[in-house]
Structure formats: structure tokens, C-alpha cells
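Heads up, there are several structures right after this.
Okay, so subunit A shows up in both of these, paired with subunit B first and subunit C after.
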Partner chain A sequence: MDKIQTVKPSREARHDAPLKVTGQAKYTSDFNFPRMAYAVPVCATVGKGKIRAIDSSSARAMKGVLGVYSRENIGALYRPTKEASMDYRIDEARPPFEDDLITYYGQYVAVAVAETFELAQAAAKAVKVSYVSEKPKLGGKLEQEDLKKTDHERGDAAKAFAQAEVKVDHVYVTPTEVHNPIELHATVAHWTSPDKVTLYETSQAIHAQRNVMAQILGIPRENVQVITKFLGSGFGGKLWCWPHSAIAAATARKLNRPVKLVTDRHMAFTNVGHRPRTEQRIQLGADKNGKFKALIHDYASQSSMDDEYKENCGEVSGFLYGVSDVKVTSGVARRNQSVPTAMRGPGAVPGLHALESAVDELAIALNMDPVALRILNDTNDDQMTKKPFSSRHLKECLELGAQKFGWSKRNAKIGSMKDGDEIIGYGVAACTWPARRLDADAAVEFTRDGRVKISCGTHDVGTGMYTVLANIVHEETGIAKDKIDVELGDTNLPKGPIAGGSMATGSVVPAVVEACKKAKKNLLTAATKIQSSPFKGLKDDEIKFEKGLVTGKRGGKMDFASLLKKLNMSSAAGLASVKGNMAAMDKEKFSTKSFGAQFVEIGWNPLLAKLRVRRVVSVIDAGRIINFQPARNQIEGAIVMGVGMGLFEYAVTDARDGFIANANLADYVMPVHADCPEIDVTFLDYPDKEANAYGARGVGEIGLAGIAPAICAAVHHATGVRVRELPVRIEDLLAT
Partner chain B sequence: MSEENSKVSRRSFLRHAGVAGAGVAALPLISNAQNAPPISESEKPYVPDGAQDVRLNINGKNYDLKIEPRVTLLDCLRENLNLTGTKKGCDHGQCGACTIHVNGKRVNSCLSLAIAHQGDAITTIEGLGTTQKPHPMQKAFMEHDAYQCGYCTSGQIMSATALLKEPCGKAAGDVREAMSGNICRCGAYKNILEAIQDVRGV
Partner chain C sequence: MQSFGYKKAGSLDEAARTGADGIKFLGGGTTLIDLMKLEVERPKALVDITALPLAAIEKQKDGGVKIGATVRNSDLAHNDYIKKNYAVLSQALLAGASAQLRNKATTAGNLLQRTRCTYFRDPSRACNKRVPKSGCGAIGGHNRNLAILGTSNDCIATNPSDMNVAMMALGARVHVLGEKGERFINIDEFYLLPGNTPEKETVLQPGDLITAVSLPALPAGTVTSYLKLRDRASYEFALASSAVVASIQGGKLTRLRFAMGGIGTKPWRNPEAEKVLLNGGTIQDAVAFFLKDAKPQSENGFKVELAKRCLTHSLKNALKA
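Right, the complex of A and B next:
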């Protein structure tokens, strides 16, 4: 036990901290321009049907209203290329106002644009739309109706399950969840010439946004610049282009004025994606000693009528444990609801709710400790891809977590542990998330004003990218951090990766390191070759760069800024391009995955019918942790989101028309300060050189995985009630 | 409090934004005030029918505006005065991102009409402290990494500084309760709590 390596805590303010605490960090809707107009969309009030007529006469008559646009007059907006790659990804591919068809409640049908926000709001409310309404397809049990597929199969799972000595067979349901970043989705569209536009976007994927928007608008890709300097988080909901961007850009083009469109909170539930409802049947069988023998995971996720988003719930089922016979099947059930999209830990997070709940139920059936059962079924090989794991320390996560949590104090008997009026429940779950790398280009420049500039067209979505890159270049060069500038979030910069899938940091860091090395080398080479240099004629190994100073072997020292001036250079630059491994995952020798263990203590007060998460201990094995404080913050924040997933969050759909009845932040309950448990996060310290040169596997989503099933296990321990449909509702427990 | 009067037009606020941008560029960081547009001298703010003369005192400075009575204090700050540090998260008083101080007390600016606050002393995040001279709460937020994306941060800090003068118990639970009107979807609650307790000396 004492041999487990863990990361030592460290504390340092972020590079962008001063801007964030003084209100100076510029988020998308903070960009204001002269002559800027305001756009407010009009949303459909039926779940299915056709627009009969749009009467915008009274809206247009208002003074200060610049226009009301709909299918009739928006002009051409084109369908973009749709491919699974990150370059042309879009989940809602239908351009806004394409036809008269309504396929979900809240779909944009028109937009009012006016001189002020208040006028645009009033005008949007004055637009009268009539519909030919049809009965929408809503609710019901989710079956694998479409996009049916066997995700993975090995051995004969049905036979092995039939023969298993101890088994569980249950259906688990996760509801529609909504990302709800506090920053509302927004676009500020600014045409700088008739066919050139700058889009200030709330985007986790500016390059995809550019490619897709160029196609929708029918202009060359190079004529679109997308800027996202600061993102008020996204959790996946800001990865791909949503229709409001096209509305803002199209109306700005029509009016020849900058247009700001900020979606409202209701639209956050219907027009910018959500995590879809899933129904998952898990059949898990073991021998009487607890060794897993069969796993069958059949799931369906809800989708919209036209699009192809499938929640990949079986993604981790094939590799989390050693099981010889496995089958995973999937499909979608189409409903008249808005288009789903990736939400933090897509696939694995709802998938693990089902799988890890089933493991807990099997442990009870076996009368085994759930930690011991997981350790017993640990494996060093990814049996799905038949490759060894590059670095897997799930066992250590479980052992260290159990120790830190005090798992040994657990009395397995239901309802046996008490603290005052509260009945205490302990629960545990394992978690995992794949580690992948994306292509990344980056530039590093030493400039003659004595500063270092790092540029990469990627994003800081709260993950600390600005800080990570400044720190890495500080390490590489010894130059003080206050002399390092980081520029992100602009498609004019070298192409960086999306901020998603826990991939950005591990993808960008190697590119920045290489660019930095190149820039140093280019500076030193110039110093030895250019006539005006004091270091002219030195060989490569006779000159070095340290702490911002260039030093020659035969004496002589000069700071790089003075040297650049001597050399008549504006800067010494390096540009690097590092390939990811997404395209050729099959060729990798190892399976690179992160792991973790989540331990949860809940308190159930039956007198007050009050349920809360009291504390969480999380041990995460994510390779090297590049930046301790923001990384821990990511896991802690994901745990808080997990409390929401476990206890609070679900979108309530009106069965008549698909209206989301709780589409606001009071009725869609998200964890607030008072809901935040005590949290203890530990990172194991096993750098994974197979993942990337820095050994880092990313921490964005894994913290959310496993929290909900650990909560459900703890609730069962306290109350004897097994909740299989999230969230755990008080009414589920009232019978106890 | 020293008072300075200022006629605000879109032109002057954008110029003001340009100055703020230049200050930012001197910091160790991030190119932030990107693509500042050329400002036309002839540019006048649009005055809607029914607009009223409104004088607001914000961060010790008077602003004379012509705005409709229905303009919220939040939209007035952001869209009319370019004080964009105050954020919109829900526009319904449910998230706290728009929290500011009116006469020292925290209010949700999205639930307040600008015209109703003439004569009040309004403080926004821009008036609390600067990057060079941060308020102790701003400093504590930096030290404790009490944010992730930073979007709710202005509201959290304005709530937290108001809380210092409120009758709030010492316990973590008291602070959590008193801060529960400010949602942080990134979930940085643990660090926010630590920052606040640090400033309170608890």
C-alpha cells in the first residue's frame, strides 16, 4: 500500500487569474461593436407539424426593429458536409429555417433583429406563428429502433450468462440531462467585407465551427475567422455548431451590421444539445467466487427524428474488467425532441452508471465486498482490443481510496450505520476514460521586446490551458512567467485541437514543447551564423540558451531580446505540428486508458426525508498531472456534477408536445454550494509515456464517471432501495 | 467617494474598452482585446422611443444615459455601458452570475430595472479592484483557484464580498447556505468556500 505513488499538491494562481477575478476576461457576448444590432429568435410552440403562416407585421412596425427573418426571407443557408471527424462535425445539420417542417418543440422558426436588445425581445414576442400541428412521437420505452449495431462481441455471452452461477439482470435508465454552462451560447457576427466574416462564438471547436459555418454561409473557408478567447465552459454542449450561429451570421450579412445573438436559458434546453435519455439492460454473471463470466450490455438512447447522435454507452464495457464472454449492442429510439450531443463523458458516464450499478448488485448477490469484487476482476489487458494497457492502476485506486475513505469501517448490513438522525450509506464505483491525442499545431516566438509568445488555435474552457502552456514554456526556457504571453481561441492561429474528450492538454503540450525547442534552436543557429552576432562562428555545442540568456562557450552573455536586435530579427520562431493517434488507434501497441475509484458517503434522514451526499473520496490514475491545482479542480467539479446526476438532474418533457417543463435553472436543479460534499481527490503518479511524450492522459471527464452509481450503491446501503433510474428521487425512498 | 460625470455614448464606451484592453496587454498573458473595431466619430447610440434620461452612479462615476424604462440594470451595464464584467447566465435571478452591489448590498442585476436605481451607489466587479490592486477576495479567489471557466466568478466574488458584511455564521455550512444563490456549473465550490473562509479569517 505505501508504495502507491501519488502526486504532491501544489498551489499557484493561473496565468489568466487576474483577468478572471476582475471581470476583464472577454467572453463571446462581451464583444460589442459600433452599430451592433441584437437578434432574438422565435421558437416553435408545437412538437411536430408545419408552419402555416408567420405574421410579422406588428413586429416590423415597431420603431427600431430592423427586420424579422424566417424561411421566407433569410436567404440561402446551406447544409454542411457531415462527417464523424472533428473537422466537419455538426449534430444538428439542418440549417435554420430550411423548410416549414417542425420536428421538435422550441425549434427556431424566425428571428427578430432590432437596434436594442429590448426592442428585439419585444419584436420576437410580437411575431405570430400558426401551425398545422401533428401528434409528436414522445416518451415510451426506448428500444433499439434505428442505427442498430453490435458494438462488440467476444466469446458466447448468452451461453456463458446462462451457465453463470450467480447473476444479475436489470435495466438502468439515465434521463435527459442538460449541460447548462452558466455562459449562454452566443454568437456575435461581424462582416468585415461582403464575403468575409468574423464570428465571436461560444465554441469548444473553433476550427470545426469555421469549416461548417463557411459551408452554411456559402463562402470560402478562409473568409471565416472564429474567435473564442474565453469560454464560460461547455461540457460538450459547445463543441459543434448550433443553428443560432447561422442565424446571427445571416442576419448580420443581410443588414450589413454586426449582430449579437445570445440564446436564452430556455434555448439551452432545446437548441444546443443535451445528453439523451438512455435505457440499458445489463446481464452480468459470475462463478460463485465472484469471477466474472459473462457480460451482456444492450442499450438504446433517445435521438431526434433526423440526426445521428448515439450515446455510446457500451464504450467501456468491453475493457473495464476481465470477462471472457461479452456482447454489447446498441441502437437509437427516435422521438420528436431536439438534437442530442456529447455531454461530459459521453457514452461512458451513463454506461458506467449501468455497469457499475450491476457490479454492485452482483456483489450483494455474491455476498462479497464490492471493492474486493472489482479487484478480483481486474485485468492487465484490454480484452476488447486484445492489447495490454499502457498503464493501468485501477487496483491501487481502489485500495488507496478504500484506505482514505475508511471503507473498512463499513458494516455491509443495510441501514446499520448512523450519525445522529442520518442513516449513513457507503458506495463505491470504478471509473475509466480513454486517452487519445489529436493533431495539434503550435507556434512559439521569442520577440525582440523580450517576451515569449505561444500561439495555438485551441481553447481554455476552464481547464487551465493558458496556464499549462505558460508553465511548460517557462520550464523549457527558464523565462519568467510574466514575460510569457499565451494566445488561444482564434482560427488565424496554428490549428489546435477541440477542447473535448479530455484530449486537449495532452495533444497541445507536445506541440508547444517542440515549437519551443525549434524556436530556441533557430535563435542559436542565427546567433552562430549572422555577421553582426557576438556568437558568430561558434559550433552548435558551444552556445546555449538558459533562463532567457544566450551564453557562448568562449564567454559572452546576452539576453535574447538584445541578441535579436543585434541580429536585426523581429523574433526567433518555431512552428510545430504533432500528429495525434485518433486516425490510427488500431496500430497502437497499447491500450491507453485512465482509471479511477469513487467512494461516496450519503446521509439519509428519514424523519425529514432529506438525502445528501456527505463526502466523496476520489483516486484518479490519469498518468502525469501537468498542472496540479486546475487538474484537481476539474475532478472536484466533475464530482459536483456527479452529485447533480445522482440526485437532481433531469429534463421534464411534456408528453403532449415535447415542451421542456423545467427549462430554467430553478426547476432543473443543479448542485449549489449547499449541495457540495466534502471532497478528497488524489492523483496517482504513473506517467504514461505511451499516451504522449509528457505522460499525461487528461482529466476532463473521468471525475464524473462512477459518481452516480456510487451514490446509488450508497443509497441502497443506507435504505435498501435500489434506484436504477436516475436521479435518485426522495419519493423513491419514502417507502423505507 | 469622488464623482466624475460622464456622458456615455457607444463611441466613448468603446474607446474606454480600448483603454482597458491596453492595460490588459501589459499583463503577463493573453491577447484579449482582439480585433478592436475602428470607432467612427459620427457614431451615436440609438435612442429608442420612450427612452428616459437616467443617471446612474457606478463605481463612483456618474453616467448619463437615454434608455427605455424596461432596460434591466444588467443589460444596461453590459450593452449600454460596456461594463461586461457582470455576466448574464439566466436572466431570471436563478444563477447569480449578474450579482452586483447596490448601496453595499448584493442584488441580481437581471431582476432590477436600471431606471429604478438612480441615486443608488452601484458597484460592479470592475469597481471592486484591479489586476494591479485586487480586492482581498479577488486575491483569495486567485490563490485558491476558486473558478474554472471564470464566467460565474464576478457574481461569486460580488456575493462573497457582500457576505463579509452580512450576519453569516462562521461554519462552512453557513457560507455554503449564504452562497447558494450563485451557481458554479464547473463545480469549484470547494475552492470558493476556501477562498471566502480565508478572507474571513476562519
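Right, the complex of A and C next:
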């Protein structure tokens, strides 16, 4: 165990750092074109009803305003195909302005387009919209009203729960959370001919964006090019197409000018998805020794009136622990609110808040240590799919985490641990995230100017894809990193995967490695065959490529650029296509999942009503770690996001009409630097050969998954207050 | 498009003579420009006063200090004389906003900082402060951050400033240049309760220019402190804050002023609550007296308890009780 070290922050620069710090990295809203116009949408100010009339006369009369578009004059926008696969995924399927119906506050009802952004903004504000307003359905208890189903069932959970010797039965609530990446959603639409458009998008899924937008616009998909070079993060909110893209493209087509549309922060709360509110009842029963006997997880998530987004909260309940009798049921409660979407760790993150809080409550009911209780119920098999786990080290995560954290110093008595005026609380939770792999195509080229170019139509959300790929090719070829170029984020490149579900790195890396090997092989083969080559006639095993140099067995050494010139080649390329395992999950022999244990120390000062997370220890079992620095960044960032989920974040809906009352970065409270705890990250780093050739499983989501329940456990340990509805707020603790 | 005039005032007289009709004086602009972008503020013209000679912090002969209207919050907070003699003011300033905002924001501008009430800041919502007689969206709406003292049926908006709370506890005087020349307004009389005219926040008349704020000399043996409570550790408006200025001579409390922020429609002071302690009463009694008229809204009932802890802690520390 001693050999496993905490990953220390490194100062090694990211591959794209020079571009970013010099302002040369082009984010979507940095793209500008001659004659470009600016679009600003007009948002509904009722939560439900019909548009009575839109008066745009004063807006249109403004000098420099190019048009105001709404249902009457936007032109044809079509409904796209909707399917669960990632090729045609869209959460808000209604094209903007399709009819006069308003189903949520903030819904787009019109758009103003003008010569400048400021003019477009003023024009949008001058558009007067009147409504026939109705009382919207908002708030209240969430029930499984629609899309009701049994997600998983084994044994007879109701009977087993009834017979369990020790049990807990509680409802846990997670609030509406908003992704809030710093970079706002944007589209720059540039029609290069009457039926051909280039869309600069803030997209974590450019290929889905292309497919869906082609349908919405009614043009062939090959006529749509989507480009996303850099993302100021997304957290899942930029995975699927949102209505502003269609508005930008439609107005650009109408005006025959490039159009830029950058949504504002208020729209980030209402028009581009959010993590929905959930209510989850957990019934967890055990025998008197702590062995789990029954788990019933019934949950409902809030959705919009028309769409199908369901937060998959029960996904992990079926496999995290060994328990013979399990039932998981789900449904959605429809409200007059905008459509939810995936947010970092969708399903598992709110689901684990409920499950892991219940485990903590059961540990207290059993008078057992919560770490020991989890270890007791560890399992080597995924009992949901009846397959062995490919590589599961949850027990080691818990044991090592406990050791690093100093869990043994914990006095389980509530409020018993103090530091000055602060009461200290310790909490722990397990976390998990499925490991899947997507199809990925990639190309690697050695070019005659002495550079290596990696191309893949995937994305760098800020997660370090540019760095990871440059490092991998550097390892494969020995060529200096400053001679390696990585090109991502363009549908004209070989098709890469979405940047979501912690799948991108593990999917792309094998394709790039294979493409690189092929490129090397193609170069060497050419070198042995072409007349002009100094290596002509050598056999395959008599020539090798090392550190950018081609060496022949009988002597002779030449850098690859000079060799390419000799061979009259512009480049030596390799293309690879590596299949994922999403389509054939059922056929897999193993269940591939990542695991982790997260330990949290909080401090509660009752005199000052001050609650802070003091430190977090995370031990993560995510297979082989490809690059420790960006991987550590992922876990750290997720932990800070978890502090937000645990203590601060919730979108406030005005119960009278659905207005989001804290739709800005001052009032929607998220952690600032001063809230960041001391963070200790450890990766077990056991390669998982079932996951992919690299043995890597992905680290994007898992770091968030155990933080909120661990915080709630720690708060309970310090104060005796069990907060089951997130976030933990000052007002919850003022009785202590 | 909303258009407005802009003029850089060359002299104090020129600034004071610009007339009152729809003009606003521009200092750091950290509130005003923000609210203009939101179309909450719609001045006809801005008169930029940052070039006027109002940026000095001048020690007075009696030991007091005169702070120019355009002294930046960061300069004031880090001034040695202020840190030594008026620590509460420095602490309050540094508890507010961010370093970047404090580098811009001015003393006079902070005095006139406007509420963060979400209904005030969104022109699509009803707000009596923004549009008189249009109604109050916050009553019965989202009001967790809003006031429990000094509210009316027309407005429950909080004064968001940290600095103003310290100014209140210090007994500041506001120097104003108006139509009839210079006058001085005691900070206790500067702010108005919302009543049925929440659009009127201070006693300033249209065209009045704040030129400085002066603080009295504090007797030897005076301790001052500021405490701010909020959800996160930084960059958030106060849920409750307290400023205490207490003079103890020969073991006896001789002079005491305290005020609270985050809970009142103006920086909140109650001299009668101070008298409870000056007359030998307990902190518990003084705090209870201070908060006795608290009227919570649907979401902010917890502020009564929070304010109690905040003020109790501050007074205990100041009085070493």
C-alpha cells in the first residue's frame, strides 16, 4: 500500500496552454466574419400560456436593426429525429418558435438581429410580447407521474425489507442544479452557399449537432459542418443541440449574412438544460450484523411538459453492493419548466446522494462503522448484470482512504470532535461510474515539414484532450511535443466520440495509438519499397523508427522529414477506427465500472453559523491513468463541484410563475477559491484490460459522485442534523 | 438603444452646476454601469467625477479623518491610518465584493450602492423601488437574502453594503455639495426607510454631489470590529453582518455604537439597544432589543437567529464579555 502516492499538482504546462494564455485559442464566440450580424433572443415572461401578439415595430425602427423574427417569419424549422443513441440525441426537440404555446418561463419567443451586439440587445428589449397567461404547474412533491417503469428487480425486495432486522426508510431530495460553465452557449452560423452551412458551436458532441441541425434546417447532413475548437467547459450542458443554434442558423439563412448568437447568463438557467430536481425514497434493510438484505429505490425526477429526459438515479443501486433482493422504480413529474439534461455524473450523482446517505444512516442504526459496513457488503460480481467486475477495488479504496484520512481518529459520538470553536465532522461515501467506450476514428500523419499531426473529430472540454493525445504520440514516437499538432473539434475530421460520460479519453487514445502505429508502419514500408529511398530493399525487421529517426540495419539514419522528401511524399499517414462497446454491452463478459471512496472533514462553528468543508481525501479506482496531471485536475474540479452540490447550489424557481430568481453568478452560489478544501487525490492505477487496450476507464464524473453524501454524513456527525434535501444550508443547522 | 450623455467634470463647481434633471454622477461605476446594462438605471447623462480632487484621505487636526468621495475602496481599506484607527471600516471594505471591484468602487458610490433584490434588478418583474406603484415581487417570492427590519408592505429590499454598516457604527458625516452650497448630513439621518416611497433611498436632493465622508476621532481605548456571515467564504453579500465600535475606559464602557448589515432596508442601527449595554444591561438583552421588531418573510426567518448570533459574537468580542 505504501507505494501508492497522492498525486501532487504538477506545473507541467498543457499542450494548448500557450494558445490559451496568449488569447489565440479560438472559442466559439471568438469566430468573426465580414458582414456578421448579432442575434439576441427574446424570452417569455410567463410560465405557461399563449402568445397573444408580438409588437416589434419600435425594435425594427431602430437604425441598424436587420430584423425581428418570430413564428410568423422565421421560415421552416423542422422537428428532428429523436432517439436515445448519441447520433440523434436532443433533449428539447421542439424547434424554436414552432407555435404560440409557452410551456416554461424564459422560452424563446422571438429574436432581434442587428449590426452590433448592443443594438441587437436593445432591439430585443424593445420587442413587446403580450400573452394569454395560465397558471403553470410548478413545485410540489415529485411523484412518478409519467414514464413510470421498473428499472431493475431481483428477488423479492418488499418481503426481504419487511423481514430485515435493521432498516432505514427515508426520502432524499436533490435540487435543480445548473451547469454554469464560464463559457456561455453560443453559435456562429455561416452559410457558405444557399444550402451549405458552417456552424461554430459550443458543443461536446459535434457529430450529433450536425445530424440534428441538418434535420432542423432541412438540408443534407453533408452540407453541415460543425466546428468546436475550444470549450470553456460544458459539464454535459453542451452535449445536445439547443434551440439557439437553430435560431442563429435560420436568421443567418434569412439575412444571407453570418450571424453570431451568444446566450446570456440568464438563458444558461432556462434555455440550455439543467440537472433536474429529484425525490428518491430509499428503503435499505440488513441483518443485525450489517449484511444488506433488501434495497428498494423509488425515484422521480422533474421534467418539462413535452420531453423525455429522466434522471437515471437508480443506475448504481443495482450493482454497487452485494444484496440479494433489490427493486428500483422510476418516473418523471412534469412541470412547466425547461427541459433538463445530463449534468456531470447524470443519474449516479443524485442517486448516490440518496443511496450513500441511506448507507450512512443504516450504519448509525446498526451502531457500525460506515467504512466497515461498506466493506462488509462489497461484492466481486455485478449482481444486476450477473457478470463479474473486470477490475473492482472498492475495498482497497475504502481502506487506503481511511488510512490517508486518519479515519481511525474518528470518535463516532455526535459533536464529540472539536477544533477551537469548530465542531468537526467526518463523513465517508463510496462512489462509482460505469466505464464505457465509444467508437472512435483518428488519423496520425508524419509530414514533410517535420511535424506530426493528430486529427480526431472529438473535443477538449477543458479536460486536457489536446495534452493527452500529444503526450501519447510523444510516447509512441519519441518526437518532441512542440513538433506535435493536435487537431480536434471539426466534423470534417475523422469521427470522434462525444465528450461526455467519462468516455472520450479511453475511446480516443486507442484509436490514436493505432493510427500512429499504422503511420509509422506505412512510412517504413514506403522506405523499403521506393526506389529513391536509402533504405530500399530492407526487410521489415531491418528498419526501425525511433525518436523521429528512421534507422536501417546496415547503417544509415535519416529524420522522417528528410526521408519523406526523398520518397516524394507529402506525409505518411495512418487512419484507425476502433469500435466501442456501447452497442454490445450485453455481450461483454465483464461489468466494467470505476469505483472510489471519498472522505470529508467539515467544520461547523455554531457561534458564527459557519459551515466549511476542511479537507477531502479521494481514492479512485479508474483503471490505468493515462496522464496523472489532467486526471488529478478532473477529480479536484469534481470535488469542488461536489462542495457546491453539498453546501450551496440550487436554482430558485418563483412558485408563482416559474421565473428563475437567482439566474446569475452572484445569486446562484457556487464555491469560490476560499471555499476549496485541502484535497488529497490518489489513483490506484490498476490497468483494466477489459475496458480497453490501455486499461483506462475515465475520470470525468466519478470525483463528484460521493462528495455530497459524505458532506451530509460529516454534517450529521458534527451536529446530529441529517440533511436529506440538498444543499445543506445555514438554516438547516441553526437549531444546533 | 438607450443613449445617454457623458461628461467628465473639470471642477467641483462645474459638477455641482450640471443640473439635476436625470443626471447621475459616475465614480467607479460598479453598481451604476451594471444597472444601466440591465436597464434598471436609465440616466439621461453621466457626469464623471473621477478627475475631481476628491481622492484624498486627510487626517484631521482633532484626530478624525476626511475621506474623499472618489477614494477607491481598496485604497481606503489598505490605508495605514484607517487600519490603525478605524479597523472596522477596513475590515468591512475587505469583506465586500472582490479585489477587482474594490479597485474600482468609490467611497461615495458605496454609500449609494443599490439593493441586490432580484426583482429590482430584472425590469420584467414588479418592483416599487424601480417603478413606483408597480408592486413588490419579493414579498411572497424569493426573499431569502432580503430584509427583516425596516420593511414595509411596498418593499423588503436590503441595503447590501458592508462599508455602510461600518460608517453607521463609526458615526460618519456625509459632506454634500448642493444647490445652496455645502452641507453635512449625519449618517444616521442619511438613509430613508422604504415606507410607501421605496424609490427614495436617501435624503439627497437631485443634483446633490457627495464630496467626502468624515469620521470623528475615537477616544483612546476604543475597539472596533466587523463580522460578516454568509453561505460561502468570500464574494457574497452578507446574510447578516455587524460592526461594533466600543470605548472602554477604566474598565467601564463609556461609548458604544453598533450596526448591522444584510438584515435591514438600510444599514441598521438602534441607539436604544446601545443604551441597554451602556446602562449596564446584558448583551443578551441588547441583542434581543435590537431585533425585537424583526419581521421575517417567507424564506428569511432564519435571519433572526443568524443576526442574533452575529451581533452577540461581535459584542462579546468587543466587550470581552
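Following the convention adopted for this analysis, the second predicted complex is superposed on the first by the 725 of 736 C-alpha atoms of A that agree within 3 Å, B and C clash if a C-alpha of one lies under 4 Å from a C-alpha of the other, contacts with A are read in each partner's own complex, and residues count from 1 in each chain.
In this section, a residue touches a chain if its C-beta (ideal position, glycine included) is under 8 Å from a C-beta of that chain, and two chains touch if they have at least 3 such contacts.
Here the structure is a predicted model, which means the values were calculated and not measured.
Judged by the number of subunit A residues each one touches, B leads among subunit B and subunit C.
When the shared chain is aligned, subunit B comes close enough to touch A:S29, but subunit C does not. When the two complexes are overlaid on their common chain A, residue A:T525 makes contact with neither subunit B nor subunit C. Contact with subunit B, but none with subunit C, is seen for A:E183 once the two complexes are overlaid on the shared chain. In the superposed pair of complexes, A:T150 makes contact with neither subunit B nor subunit C.
In the superposed model, A:L647 lies in contact with subunit C only, and not with subunit B.
Of the two partner chains, neither subunit B nor subunit C is touched by A:S416.
In the overlay built on the shared chain, the residue A:A666 is in contact with subunit B and with subunit C.
After overlaying the two complexes on the shared chain, residue contacts for A:S130 are found with neither subunit B nor subunit C. When the two structures are aligned on the shared chain, A:N568 is found in touch with neither subunit B nor subunit C.
Within subunit A, the residues touched by subunit B in the first complex and by subunit C in the second are 118-119, 666, 670-674.
On the subunit B side of its complex with subunit A, the touching residues are 10-11, 13-14, 17, 20, 24, 27-35, 37, 39-40, 43, 46, 48-49, 68, 70-71, 75, 78-79, 82-92, 94-95, 97, 124-126, 128-131, 134, 138-139, 141-143, 145, 147-154, 157, 173, 175-177, 179-193.
Taken together, the subunit A residues at the contact with subunit C in this complex read 45, 62, 118-119, 122-123, 125, 606-610, 612, 647-648, 652, 654, 656, 659, 661-662, 666-667, 669-675, 729-731, 734. Note for the complex: subunit C touches subunit A at residues 1-2, 39, 116, 118-119, 122, 124-125, 137, 140-142, 144-145, 227, 229, 231-237, 239, 301-302, 305-306, 309-310, 312-313.
Across the complex, subunit A meets subunit B through its residues 11, 13-27, 29-30, 32-35, 38, 63-64, 115-119, 180-184, 190, 198, 227, 229-233, 235, 262, 264-265, 461-464, 466, 470, 481-488, 490, 629-630, 633-634, 636-641, 664-666, 670-674, 676, 679.
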